[in-house]
Amino acid sequence: MNDTGAERIDTPLLVVGGGLAGFSAALEAANAGVSVLLIEKMDAIGGSSAMSGGCLAFAGTDIQRANGVEDDSELLFRDLCEVGQFDNDEALVRAYVQNQLSTYEWLRAQGVIFSPALEASAGQSVPRVHTVDPADMVRVLAAKCRASGKVTVMMSTSAERLVRSGEGGRVEAVVASSKGRPIVIHAQCVILASGGFGRNTEMVHRFAPQYDNAVFVGGEGNVGDGLKMAWRLGADVRDMAYIKGTYGKHPVDTTNNHSCLAVYKGAIAVSQEGRRFVDESLSYKLLGDACMQQTDGATYQIFDQPIFAGGDDRVRILDFGRRLEEGLMYKADSLEALAQMIEVPFEILRDTIATYNGYVDAGEDADFGRRALVHNHGALVRIETAPFYAYPSTAAVFGTYCGLYIDADMHVLDVFGDSIEGLLAAGEIVGGFHGGAYMTGSSLGKAAIFGRIAARTAANSLQRQSQSAGSSA
Amino acid sequence: MNIILFISGIADSKWPPPTLQLDPQAAGAAAAAPPKKLSPFDESALECALKIRDADAQTRISVFVVGAPVQESLLRAIASFRLDHVAGLTVVEPELWDARSLARRFGDVLARQTETIDLVLIGREFGDFDDGLLPPYLAEVLRLPFVGLVQEVRCDAGEWIFFRERGDIEERIRVRPAALASITNDKRNRLRFPLMKNIAAAKKAAFVVENTGPGSEARVRLLSSSVRTVSRQQDGCRMLAGSIEAQAEELSAFLLSRVKA
Amino acid sequence: MESKGMPAIHVVVLADELDRLEARGFVAAATAMAVSIGATVDALIIGVAPGEMYAKDAVQAGAGRVALISHPALMVPAHTDQLLALLEDVLPQAMTPAQSGGHVSLCLFHADAVGEELAARLAARMDGTALGRCSNIEGRAGGLRVHKSVFGGRMDVALATDAGPCFAVIRSIKAAGADATDDSARLSDEAVTHFNLDDTLPAIGHISRNPSQQQRKRLEGARIIVSGGRGMEGPDGFLQLQQLADALGAALGGSLPAVDAGWAPVSHQVGQSGKYVTPELYVAVALSGTPQHMAGIGPDTDIVAINSDEGAEIFKGAKTGVVADWKELLPALIRRLDQAA
């Protein structure tokens, strides 16, 4: 390979990708005494993590206790399996719940600041959305990595191919390009934390053609290159059929990438024709699917003043006040005026809300079976007190939530179930954890938790390699 | 009420400014232009019109998108506000330098309108080349009363009320139709977002782009152009280092020395 | 006003709109251009009752002749329809080819909203050419060569025209020896002509004027300007900027996005599409420094930049920079300035 003129770099551990998973892995490895090289393709760190809503799902935290919320790993486990429609890998869900509380504490110990506010969101029986400034969180971890003296970060450096030592052998190197210059990075262990493929239109279409018209958010670098590199070695994939957009994205605004989920505070979702189309308490992934079936993939969340007042500007998915201020939300003193603003037929909208309020009183939604505000949490409320609000909402594909087949130690497995030696993966690039749908905060949570697990697996492997090297010497 | 808007758009500043053609007659003169977007003043003018329509659903809004050439993406962006008429108006580059030539061209276009015009709205500066002289020039060509740098327009009892601030004075100008107002950016006229329903309709819409020929001859021509690259500070910037308190200390001492100087 | 061989350009000074310093700088800028055209300057000073010192200033700044025109019915601030009627009586006779010595005739206004409107509307009424906001104007084979910037200050162009009458707006310059005008000096009767008008002036529609709720220090003529951008995040940020401005005796400005957001009034917008300001010191807080904005700041102004992004463009134009979050720096800074007061 060196006859190509590519510069050679050697490192015990190579981490590909500088988002939350990558920096969690790098810092965890550094703290275990491992020297790490982290490469990031873009010229800024953070990737999709930094653009996310900053929600992490943890159970049993001090913030929950301070808010009088009883929660624990078992309830979290049940919720994760349930929201995933029991089509997720229990071993991976187990790995998440067993490491979640310690990862919460670990993030706090690194200096990540959590908002004291707590919210319930998609797939949660109790409020367990823990909110951070996600870009700041990645910066904090990156700063800790630098301070450790064990982590080297190379920006504008993209991995292009994984190299094995012969057919079926260990992954031993990565062919890469650093600011256009070819390099070869030899590593004893490689962790792929390179994110999903939401910015690769062609690849998304291959698995989820129904989302052709959705809004794609996520880091610009998320084009599936890590996935392709692993595919080439025969890696298996899971959950590809479950690519879903997240409901609640403003269809036009490009400055607020985060969903707004007034439905989880009691709003209903209506089509441009003014009719409900879904049980609004479902995971926002399923709401996204349902939304894409509506005319132009465009819908409105409709709510009233008490529901508006239930928002919280500190929580990005519930920052109704800020969005109103930014002109994203419609507000009117009467339903008729609201209907005029959003060009929805008033009579139909009025009847839809009257019918829904009747269901709230009766305790039964005869149309879609909605029983709670969100998942199993919260009693339904009538929509009746002016002023009224509408938030235009489509589905945004924030992440692809599917990908490499991994085991609970984050080893990447090939299509025959054999481990690809020397190759680990964490974060958005992995599949099997979410299954059929997704709980708010479990994607960012997964990035931190699985990143750390991958680092520990790598550290153990490196220790064994050095021991066997020592004993054979 | 019938409202006419002229919109030019500006070159998206994420792209370098285009190469200007000294001889527009030369072959290949229509060089690749950077994509255009609405200027803040275009947006404000459009929002003013939409607000008038909010208050009176009978309001008709017609927009002429002017360009050399007209960009279709701009036509679609404007059409997504469900307007009554959106058309392109192709002009030639030399006209963009000459308010007289452009204003006369617009006057010709409006002279062909069959319906009465009650209000002409235009951004305070028209596109990348105008410094705010086109709107008053156009008002004179159209023989309409002109109100400049307007921040809000209302219709009251069949008359227009224009609101604007001048220094510490707030003005409220009442004018009988028809009139021409240039609109400046203001919190009150920040452009709303279009509805998806109307974006979808605009995607399918077909637009008429008028090409009325050479028009009146431009009296101004381009001699040369150069992209500005010089940074104003040749010696570099002195950075104040240290903690926030240390920075505040040094900066306050510096500012006080300048206040007293 | 009679021609004496040399062609003359006309400069319209609105005495009720410009203070003496601005007016003097405006005439000085016009004089510099007249020299390169090979013309003299005729200044028309218009106001309710413009003081003699405006005429003295104009002569000192280079005007060959001055017409001091007063009209008691003029509104302040200016009502353009009134001025237009007044100028339409005067300018067409003054700007004939004979008066311009065979050259393209030229009339200059100060670069502000009133000047731009008058220049354009007079041009239209006289079937003239509106040249816009020019940084320089030169003679060119009987016609004119003008320099201006386009694309939001990102490009400079030179344009030519041979067809008059021409109307343009220009900015004031800092006139050399500007402070040295001797108010007691006598003006020659030859140089100054007085016109005391009282004919009826027209007005469109009905205008009502109210003082705005907040009295703000004007950007024009301010020695120090404190200005904020999109990074101020909201009106609360601008309240802090106002405190800083008060502590420095400065005027408060804002970028176009800040005005869009309603944090600063439009009359305090700085930039290519706003006010052109020439303070000694410009304190730019949370302002990225787009070419559009920088084009509104004079070349001799020292910029102090406060921005949390060390890569912000504003630092390239600044003389002094602080990489800091304004939310932390401003309170500490204001506290110190208040203590020093």
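So that you can tell them apart, the chains are marked A, B and C in the order they are listed, and the count of residues begins at 1 in each.
In this text, a contact is a pair of C-beta atoms (placed from the backbone, for glycine too) under 8 Å apart; a residue touches a chain by one contact, two chains touch by 3 or more.
Model, not experiment: these values are computed from the prediction.
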Contact-graph separation of chain A and chain C, given in steps at minimum: 2
Core chain by centroid distance, with centroids computed from Cα atoms only: B
Contact pairs, highest-scoring chain pair: B-C
Centroid distance [mean C-alpha coordinates] between chain C and chain A, Å: 53
Approximate Å spacing (C-alpha centroids) for the pair chain A, chain B: 41
For chain B paired with chain C, centre-to-centre distance based on mean C-alpha positions, whole Å: 21
Per-residue multi-chain contacts in chain B, two or more chains: 190
Sites on chain C at which at least two other chains make contact: none
Complex contacts: residues of chain C adjacent to chain B: 77, 80-81, 111, 113, 116-117, 119-121, 123-125, 127-133, 145, 148-163, 169, 204-212, 214-216, 218, 224, 248-249, 256, 259-262, 265-267, 269, 273, 280-281, 283, 290-292, 294, 299, 302-306, 315-324, 328-329, 332-333, 335-337, 340
Touching residues on chain A, where the partner in the complex is chain B: 250-253, 272, 295-298, 327-328, 342-343, 392, 394
Chain A-facing residues of chain B, complex: 82, 190, 192-200
Partner chain C, residues of chain B touching it in the complex: 10-11, 13, 17, 20, 40-41, 97-100, 103, 124-125, 128-137, 139-141, 145-149, 151, 159, 165-176, 179, 184-188, 190, 219-228, 231-233, 235, 237-240, 244-245, 247-249, 251-252, 254-256, 258-259, 261
